[in-house]
């Protein structure tokens, strides 16, 4: 398994009148998590798109355990749980500074050739970079 | 089962540079769907909050079949699939004008007393309004 | 002057923990206003983009008089205040159901040829449609 | 004048189908800028709210010079341009890694007592912290 952690602060505009982060705004956090996880592997998502690979989201599952609050400095742990094929699965754990588990989530994304819009296999250099984590 | 349909247009700001609605923005659509479903039953969510009941989201599952596009006039069918207890489950189907199924989703929400922040049972008038749909 | 009105409800996810619509979310309302104003003239923005004209925003000014609240049914009046050239100016007034003025705003947008990314004049059919309003 | 710089990356969900950051999403960046500027002075906004002072936005002006792009590492310079009274004015300059000026903006915010919802003067400790910058 390959995991990567990234930290950021909750923005005011991400809260709602319940005083918590709005449930739909976590999806953007998970996107940040997978982008930073891929960057750390040497695959900035911007580069993937420039090379003709899109990575749309196929499904999303979230469990909200405790609310994230305004100005919380949260840490998101993003994991790639198996070698990707046409699909890649990311798992996420979001925690606050006290280490409380706030949300757990997973997403499946599909590699798509941006020319013909058809699913394709993960780029070989990405598979090579991940290979050491799945011996 | 109780179902309700509501229609609205995709906003420009809801798209991303892939040219589709950003995957995290559908959560706001589902919120609109359940708010309108409850309003049609006679329970505006604003009234629930004013009466001391909060309804935070416990979990979310989304499957993205086809992308919603800018300016699409989409229709969201929202269903309450069983009589609520401490929790209420909503299921969603989003379709475009051609009737294509774009996303399917479900959410579980928890009734919470806003004074002591503890889970509580669904308000009796809501149960009464739903009873005819679950004979 | 050409004016058009459109109404919609404030979504929960658009509020922040102050209990008001987040100040940045009004920009999306103004976009809805100008899109509907153009549609009513016979120029869906989607069609403009399909014909190779982009309309990026050059500047935005907003004055926040009173907050919009969750579930408010608000009405946005959008006006084109002068015949467009390379630029088009929209003015906005947002009111709640009681008729209270909530925000006033204006935006300047620039017609841009999407092929060469250079400013261009407003499409002639749009000028023709607006002409009766600027005798 | 008191100025503070903060840097962050553009998120995918902040772009729109034009391929640029959506014009309404910059407001959230400016909020991050003023929050970090106040934090650096010793006044986390969360603390202000906890002490009974709200700071709603009264007006916003933005000029969009060049678009911010996905994954850009942008730097926001936030300045307090004069000693605050009942109001505080922030000015913003957003630049990309090449130093290009992307947007310029300013906002006026009003100090409001959260108990009686009436405008009030800036907290004295904030004035004391700012005094050295306005000799």
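Should a chain be cited, it is by its letter among A, B, C and D, assigned in written order, with residues numbered from 1 in that chain.
We take it that a contact is a pair of C-beta atoms (placed from the backbone, for glycine too) under 8 Å apart; a residue touches a chain by one contact, two chains touch by 3 or more.
All of these numbers come straight from a predicted model, not from anything done at the bench.
A.B. asks: Which chain is most remote from chain B in terms of Cα centres?
C.D. replies: Of all chains, D has its centre farthest from that of chain B.
A.B. asks: Chain D and chain C are one sequence twice: same or different residues at the contact, by the over-half rule?
C.D. replies: Chain C vs chain D: same; shared/all numbers exceeds half.
A.B. asks: So the centre of each chain is just the mean of its C-alpha atoms; given that, what is the distance between chain B and chain D in Å?
C.D. replies: 34
A.B. asks: Where the CA atoms of chain A average out and where those of chain B average out, how many Å apart are those spots?
C.D. replies: Measuring from centre to centre gives 24 Å for this pair.
A.B. asks: With centres defined as the mean C-alpha position, give me the chain A-chain D separation in Å.
C.D. replies: Centre separation, chain A to chain D: 28 Å.
A.B. asks: Could you list which residues of chain B touch at least two other chains?
C.D. replies: 12-13, 18, 20, 22, 24-25, 27-28, 31, 70
A.B. asks: Hey, which residues of chain A end up touching chain D in the complex?
C.D. replies: Checking each residue of chain A against chain D gives 9, 11-13, 27-28, 31-32, 35, 44-46, 70-71.
A.B. asks: Residues of chain A touching chain B in their complex?
C.D. replies: The contact residues of chain A facing chain B are 18, 20, 22-28, 31, 54, 56-64, 67.
A.B. asks: Which residues of chain C touch chain A in the complex?
C.D. replies: The touching residues are 12-13, 15-20, 22, 24-25, 70.
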